[in-house]
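Input: one structure, supplied below.
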Amino acid sequence: MSTHTEHAPQGREPLDVNDPRLSRFDIVREGARRDDIEIVHYEEQLVPGTKAERRLVRLVAAMFLLTGVAATAFLVIYIWWPWQWEAGRGGDKLYTPLLGLTLGLALLGIGFGILTWGKKLLPKEVSIQDRHDQPGPPEDRKITGETMLYLADEMGVRRRPLLGFSAVLGLLPVGAVAAAPLIGGLISNPHKNNQMFTTGFAPGEGGEKIRLVREDGRPIRPSDVSAGGQLTVFPGIDHGVSNKHADSPTLLIHLREDDAEKSRAANERVGHGDYMWGNYAAYSKICTHAGCPASLYEQQTNRLLCPCHQSQFLITDNAKPIFGPASRRLPQLPIEVDEEGFFVARSDYTETIGPDFWERP
Amino acid sequence: MKRRKIDVAAVPGKAAGALDDRFQAATPLRKLLNKVFPDHWSFLLGEIALFSFIVLLLTGVFLTFFFEPAMTEVVYNGSYAPLRGTPMSAAYASSLDISFDVRGGLIMRQMHHWSALLFMAAIVVHMLRIFFTGAFRKPRETNWIIGSLLFWVGFLAGFTGYSLPDDGLSGTGLRIASAIMLSIPVIGSWLTSSIFGGEFPGTIIISRFFIAHVLLIPALLVALISVHLGLVFKQKHTQWPGPGRTNENVVGERMFPRYALKQGGFFMVVFGVIALMGGLFQINPIWYFGPYEAWVVSAASQPDWYVMFLDGSTRLMPAWEINIPIGDGYVIPPLFWPTVVLPGILVMISLFYPFLEARHLKDYRHHNLLQRPRDVPARTGAGAMAVTFYLVLTLSGANDVIADKFHISLNAMTWGGRIGLLLLPPLAYYLTYRICLGLQQHDREVLAHGVETGIIRRLPDGRFVEVHQPLTAADHDGHGELEYVGWVVPKKMNRLGALGPAIRGFFYPIEKPAEAPVSPGHPPVEPRAEREEIGSGESRR
Amino acid sequence: MTSDNDRRRGLLARLRGRPAARSRGRRRLGAAVRLIAALTLAGGAYTAFAPGVQAQENPPLTGAAADGKALFDVSCVTCHGRNAQGVEGRGPSLIGVGSASVEFQVSSGRMPMARQEAQAMRKPPSFTDEQVRQLGQYIQELGGGPQVPEGNNLHRNADMAAGGELFRINCSQCHAFAGGGGALSSGKYAPSLAPASDRQIYAAMLSGPQNMPVFGDNQITPEQKADIIAYIQETLKHNQDQGGFNLGRYGPSTEGLAIFLVGIVALVFTSLWIAGKS
């Protein structure tokens, strides 16, 4: 821009800022010039004292006052509005919305007030500043580079290599010392107690079989689950119904006669011939894909859907994955009924529960 | 006793003098006051992210006063009756207390969550602006890398925060996260066990996530954001080409007062929008989800939107399991590819994109002028491709909700996503490329022949032609062709002169441009800029 | 609704290829069924009012059951056959399903079905409560089966918190935490619980309609059923949301939509205004 190049700071005498004839704006502009800024356009948007200006001033003032009103309303609501939870449709349900409304209005009022002030009432300007993003002068680059190289010379590592080697060798273990407590403290053997391959259904120390229980700890009789029904069951041990045994939740399904027939045939094929008891089958509820509870049981199609990634397992075909990203069937729990008439696990699961991992056999 | 008179008017001056004596602030402060920023709406998108981050810090500090990051089992006895008597973790109980027993706690929780969503959304929108306008080119590659990292660090912040309440939904998310870590070949089980302190879910993960969420990740975010802003400041903002704008200058407003006022006002507006959303729109109603129990799940279990693309990629992934028959046999589960490999590739592509593009175009110059997306069809097409890819994945992450509410088969949604993921991105590339070329051509046409007027004239020989209004006076050949300068070309008669003095009004002009009143001592309005200095070489393809 | 179903079937057909013909056939069949239903309705209405035409073949029915049989022979017999023994390929036998099943299917408008499809949809019921009771009584007397207890409010004095736990363990996987329903495989779905009455929820648990598993009284006792109903009706439906508009309770997907459609849009417009020429 022509003005810009004409009045470029380099080619111009700096103004004497103490000159009493200069207006404040002149000094501001001089300051800007010293930062390589040329104010090329500076214009009041509104003629002072006009109707338009007064209207805008009133508008901004109204916004600020709105903020005051809204903020006061916020405080009043915060203190006096009933806020404790009550069942139903009481006024407490409006507490949070009212707080949000008043706080939002207060903030928007001040925000748009400031914005209008800045956008409409302040003079408009166009300034041009030089970027100066050229690299430093070659001389400076050279000087800095040489200085840094000289640092190395002064240290004399090249002449005294032993110092360098010993420093590196000495510092390496120090770095390891910093990392060791972190890694050592955090690391935890995933195969401790064979935990990845056992569940709460593993027989007790005396070989006693673990009962299947409900979420409230009661054992389960076959008559508890109707045909076409399913029940989430847990190992009947301490903390069996808790996240301590997050790999143990199991789905006990009572199949209808013809489905059970198909299911038994499928079990036979994979060597799980005796895993069912009557028309009852138990499959791990933990999806073999990402570990969500795969528990959307469709009693007519006998599909089991996982709601996280939509893997679908066909119960009548040994819970084989038939759709979606899961690649492994749900492990089956071998079950039977003990002499008291309650379901027990004949043994632990014979396959690994839950999401796949590298060393899963 | 005689009181010494204090000259009130002189106090600020004296104080300033005293400060400068000690800190030598006058010169740097002048430089700061005198910094010029270019003005364009798209330059404010990054600020949305910055401001919502500030709101996140404010609300987050409030929440820490009441949240108890422990997984010890307690029996809930707060005021929310439908959960009273339920055993749950202390973390979930204290989250319920924040919602029901801390006055104003619920709005704080909701504002915190909404501003987290806004933070991530603004990062993505800002990133798209940077990408499509070429603002990442030399010398700003470092800031692009920092920005991409900010997305992923924000992603971690969001995920850890989402997990903290230990409700049924977030626990499911945590379960999937553990499965993702477990799927990493060789180290998976060790990594998971080390992070969770044993078998999932263990008893320590919430406290570990808490310290990550309130200390480690925010510290990293603050550090990265500071460097990001510092670099914007140091390298000066890019600007659009246009009258008077060159690769070597910045045309805009000085930072103070107008620019700073606008920033302050905008912060308040962002804060206000978050407050409105936090109060009026319910988010993450954890009291419906119940405590996390490994056997409880809900239909439509989704992560927050910025994680949804990973959920989508997981849903679309076919069940391809790789078995390695060595020893007992080893497995690479299908979960590994869409959740570990895919994000890894995405990170790498985004980090190195500026260098890849520079290498491909052999363009190693400094670029301070932005490019209109239409002028770089290949990049714009690639961007559209990436956006389409991301959208297909995100929609697939919600495909069960879509299937349910729009009565589409769930299996059809999955297959649609699989096919769409392969077909739509190339299609988006092709279409975008063609649209860019079309827009370019139209620009050139207008520059060569003028604006279409809509007036049809019949020539003496019977032909009909449309009268065009040339943009410039014809030279001696009778042609008035202008060169394209990488900026908006007026396409309609009423846009002629739009690059000149401003016309008042937001959506439509409310008055005719008045003669600018010139205050005494103020420089007069500049005439229209000359066009020789405009634009950098590369924008003229 | 019709267009939705057609579209769903179209999509399915395109994906599977083979069943397309069947579903088209099914649609024709559906049209035929409707025609027959309309004809029988007209004829049946005549016979119902003509005295002495009612056939009395099986063991004597009580009054209500007899009325139910009349209704059955008019509206249901086409698919479920004479004496509710089922028609191959059209409708299952109703022997032993009990009045609970009838009540659920008919009072929610799912039966009579408009056409054969992946899953019967809820629609305005074709029968009054009294007629539903009569139909139920008829089926009950034919083959026995589970019954819903008397009364319209089945959750008086129930324990909401216990119901919540049972809901999350047994129901939420399909009907979602907030009871809004969810998708199942291949076009099937778990419906929203919003329009369901106490009796319908109870009947659904007892009878396991369509793909819903059966929750017999041994598995979930009548008291527990009352708890679950209390949780659904009081907490999920009657309770207003604490945190403002609930965005349909669809979870993070609508929250993500809202942050873009409301938050980002509002702020982008603000920045357009801020940087716009004034």
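Annotations
We call the chains A, B and C, going by the order they appear; numbering starts again at 1 in every chain.
By definition in this document, a contact is a pair of C-beta atoms (placed from the backbone, for glycine too) under 8 Å apart; a residue touches a chain by one contact, two chains touch by 3 or more.
All figures in this text were calculated on a predicted structure; none of them were measured in a lab.
The interface with the greater count of contacting C-beta pairs, when A-C is set against A-B, is A-B. Among the chains, the centre nearest to the mean of all shown protein C-alpha atoms is found for A. Here the spacing of subunit B and subunit C, counted between their Cα centres, is 44 Å. With centres taken as mean Cα positions, subunit C sits 37 Å from subunit A. Separation between the centroids of subunit A and subunit B, computed from CA atoms only, is 16 Å. Residue positions of subunit B touching 2 or more other chains: 81, 100, 106-107, 110, 262, 265-266, 269-270, 273, 277, 279-280, 293, 295-301, 400, 410-411, 502. Residue positions 165, 169, 173-174, 182, 184-185, 190, 234-235, 239, 241-245, 273-274, 278 of subunit C each touch two or more of the other chains.
Annotation for subunit A: residues 85, 87, 96-97, 100, 115, 119, 124, 215, 232, 293, 295-296, 307, 310, 323 touch two or more other chains.
For subunit B in complex with subunit C, the touching residues are 39-45, 47-48, 81-86, 99-100, 106-107, 110, 114, 117-118, 121-122, 125, 168-169, 262, 265-266, 269-270, 273-274, 277, 279-285, 287-290, 293, 295-306, 308, 394, 397-398, 400-401, 403-412, 415, 502-506. Listed in rising order, the residues of subunit C touching subunit A in the complex are 165, 169-170, 173-174, 182, 184-185, 188, 190, 208, 210-216, 218-219, 234-235, 238-245, 273-274, 278.
Here subunit C touches subunit B in the complex through residues 4-5, 7-8, 11-12, 15, 118, 160-162, 164-165, 168-169, 172-178, 180-187, 189-190, 231, 234-236, 239, 241-247, 249-253, 255-260, 262-264, 266-268, 270-278, going by the rule given at the top.
On the side of subunit A, the complex with subunit B involves touching residues 1-4, 23, 25-26, 31-32, 34-35, 37, 39-44, 47, 78, 83-85, 87, 95-101, 103-108, 110-115, 117-119, 122-131, 133, 186-192, 195-196, 215, 232, 234, 242-243, 245-247, 249, 285-286, 289-293, 295-296, 307-311, 321, 323-328, 354-361.
The part of subunit A that touches subunit C in the complex is made up of residues 45, 85, 87-89, 92-93, 96-97, 100, 115, 119-120, 124, 215, 221, 223-232, 293, 295-301, 303, 305, 307, 310, 312, 323.
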